[in-house]
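The letters A, B and C name the chains in turn, as written, and every chain counts its residues from 1.
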Amino acid sequence: MNPEALDPHPALPPDSGSGSGPPVGLGFVREAWYVLAWDHEIGASGFFTRTVLGQALLAYRTADGEVVVLEDRCPHRQAPLSRGTREGDAIRCGYHGLKFDRSGHCVDLPGLEGPIPLRVCVRRYPVRVHRRWVMVWMGQAHTADPALLPDNLSCEHADWRYEPGYLHYETAWELIADNLLDFSHLSFVHAQTLGGSEQVARIRPHVETLPRGVRVSRRITSVPAPAYYRPLWDYTGLIDRWIDYDFLLPGILLMSSGACRAGADPMDDSAGIRFHSCQALTPETATCTHYFFQESHLAWQGNDQTTRGLFEGLLRAFSEDREMITAQARNLDPHRPMLALHMDSALMRFRARVQAAIQAEG
Amino acid sequence: MNPEALDPHPALPPDSGSGSGPPVGLGFVREAWYVLAWDHEIGASGFFTRTVLGQALLAYRTADGEVVVLEDRCPHRQAPLSRGTREGDAIRCGYHGLKFDRSGHCVDLPGLEGPIPLRVCVRRYPVRVHRRWVMVWMGQAHTADPALLPDNLSCEHADWRYEPGYLHYETAWELIADNLLDFSHLSFVHAQTLGGSEQVARIRPHVETLPRGVRVSRRITSVPAPAYYRPLWDYTGLIDRWIDYDFLLPGILLMSSGACRAGADPMDDSAGIRFHSCQALTPETATCTHYFFQESHLAWQGNDQTTRGLFEGLLRAFSEDREMITAQARNLDPHRPMLALHMDSALMRFRARVQAAIQAEG
Amino acid sequence: MNPEALDPHPALPPDSGSGSGPPVGLGFVREAWYVLAWDHEIGASGFFTRTVLGQALLAYRTADGEVVVLEDRCPHRQAPLSRGTREGDAIRCGYHGLKFDRSGHCVDLPGLEGPIPLRVCVRRYPVRVHRRWVMVWMGQAHTADPALLPDNLSCEHADWRYEPGYLHYETAWELIADNLLDFSHLSFVHAQTLGGSEQVARIRPHVETLPRGVRVSRRITSVPAPAYYRPLWDYTGLIDRWIDYDFLLPGILLMSSGACRAGADPMDDSAGIRFHSCQALTPETATCTHYFFQESHLAWQGNDQTTRGLFEGLLRAFSEDREMITAQARNLDPHRPMLALHMDSALMRFRARVQAAIQAEG
């Protein structure tokens, strides 16, 4: 991408004179893939449970290695199926013994003679293991569209190395999306980790609307390197940085970023470093959120210790975010809209995308 | 009872094609006796407090040994009277010193000269100590009907021995009643305690509607004995079991059960064992419940150690119930009815009884 | 004041035949000064935070020693400003770096060129440090009226000595005001501390309505001294006591009290003791309250140890109140009014004052 092509001063959002709407409560896009888990979280035996969009889900791996995702609720008296037992690839409820196969159909109903009515079944969710992300379709099963799986390329790619991350937030997903859509906070929340300079906030990013989200690009020149880079590149001179990412429905961040010696050619990896990051927000409920993340460095730069050091720095920085966002969430005045400012351009465009998608679902 | 008289295959409940209504939220039957406490819980001095149907109750024993139950709330500024002191058979509020006699009338109102208005009084509840159960009438006092006291005969009877049990549930009373009305769960929840065989679930019980509840009867033949029997009868051959109980408004279970060697005469106690069990659900609030229980064995079978061993087994089993029901309660989808199945026949008839009783109270 | 002038038997409150209205939920008087803190709580550096009437407030002391009170919420995305940093007398938000001066105006908006819109500002609250009480005006700034500052004279006066007290209540402010408006509770809640005799409750106080509250006066003659007096006056004979206080909007108690040997001249300090007490209720939210208090003794009576001993006794007594009021709050039946009695005369008049003030604010 040519940095010169970026408009450094996009117009203020059109409605910036008024508030930017309620801070939370947008709702959920349902017709979408969500990250349920990292692939390794779902073992060869037993059950894995996680709540997504307020729905209790049960995942397990069949004998042939496939991941099955069912609602974790027996249709009979709503006990969690995860308190039951596995019988091969089927599961038996631990309360009254109803047995369901991997498709969710009841195949044993103790005490009933004759055929089992079809209505005795558990909802099954479409699922894809997509480059180590176990993705579940939360909309209607027949609309599940593999073309909408995110391009989380560095999650499984020989050129990239990372450690997988997960954080649980006790805040609504909207506030975390807002955070990821306005990197001016790097200068203040992450002064000692990812930021390193007030210039990140003082430079206006280029913001572009995409069919399913927004694209944000930042160029920051002649600044000191942030502490986060050190395990990979302990350079003490001034550097040029770039940060380019797409933030896509329902809440996926795909980012290319990097830095080089000030004035060097950004394409020359010998003069700097590059990252690729995949992050995903999966609402647990309206007020709690799962956060999956990784940031990869180039596989030929550094070793295991580098990977670990970068991960620890990332985790430190993302904990800074969580502290701030949690404090923000507790401090929200539900009766007052937020004050829209120039740095909210990307987040307001994304919120509009979310609202349109929810409206389209009817 | 003649096992042959039991219809092993009652029709499905008439509305089993649709859902069976909301899982909780039926409300409370008020014109009824509830177990407030085991007799020994209310000492000779001091106060005993427990909340029943959302009402804070205060109980104490007068000098003549009678149990008095008053609302635990001073009518003046609603402080708990249990923070006050006893003055003989009267109590004085610890906040502003109002004194009430055992009938709930105010007999000292500091600072007032002249007669005390009759409206300065505390609600008194009709109470009966009925075979070790302290029972309180939660409806209007003038409707309290001793004929409705339950036939908890083994709670105080020379033929029977037991240890009294109590568990507190953080779930609505309806879910516990459901559990007690469908013993098919014995095979799965209690596989290692009360169940011992899938046959308990695979046999259809006979269900009969009573004026104030339902009668449920089960015959299970040629099965292994459950672990629970061992302290009393360590028999390793196959057995025949019977389980017959009434479940009555507002939430009382009275049960005769037993077992004998397979094919033996159930009336011949030398070939087996017999139990009598009294259990009571007393809603604390809409979402929490007191559970009183005992299961008696024949006094001439076994000794103190037998009684203790059986009690420990029962407590283990009822803790299994509580874990399952608590998990179920947390898992309820309030927007979705439960799916009515053949095993719900008794619980649906009982729920209908509850709804009719509440409606009749107006 | 001439004790003979007091009418010992005021009429019952006119509406005492019915209930006295809901126990809590009156709301807040907003056009008033509230105690935010004791002066020493706000240090020379850093931030002090406290929530008042549900509003998160941030206080700090400028270089010239003035106390500034701002809303603790950035107008941009509502993060707490107290998670930011001070830059001289200005503060910078720790999320996106907006900087506000002591008047609440934004003076640096990272990434914006040109003038900062006036709407980017934080609400500033009028504040007065008034005899060691930091008082904040919670109404509209232009209506802040210094004439309404309370006459908390003993908080800073050469004749009086005290230690400052603070307790946090997890109950609505109304219940604490009720407590302070009916000292008949001294005989029962404080039998071992402030009370010492049932006579406090059995004597009727004189109650007078004031423009912004009520005046309550009590004379109790020939009673034993309460334990609370001992650090100052270890007198074992009978005494005469007087307790005179104003309770004023929004929740300020100003009290003169004392005691002398029974039958002695109350004006003769050599025959007894005198106190002056200033207490303030500041609602944190509708359900929690800040309680500031002190009770001063005459500076020439006693020493540091006396002051400490009296404070410890006061704290013990006020903890007795908090226990009782907390128990009362948990015990409230929201559907039932309290039963108005003769001792509620002062609290009912004050509640009427509160309701009129809230209504006048519109």
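Note that contacts are C-beta pairs under 8 Å (C-beta built on N, C-alpha and C of every residue); 3 or more make two chains touch, one makes a residue touch a chain.
What you see is a predicted model; the values in this text were computed from it and never measured.
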Contacts shared by chain A with chain B include exactly C
Interface of copies chain B and chain C: same or different residues on the two sides (over or under half shared)? different
Averaging C-alpha coordinates per chain, one finds the centres of chain B and chain C separated by a number of Å equal to 49
Among chain C residues, those touching two or more other chains are none
Residue positions on chain C within touch of chain A in the complex are 56, 72-73, 75-80, 83-84, 92-97, 109-112, 119-120
Within the complex, chain C is touched by chain A residues 23, 178, 182, 184-185, 187-189, 198, 201-204, 324, 327-328, 331-333, 336, 338-339, 341-343
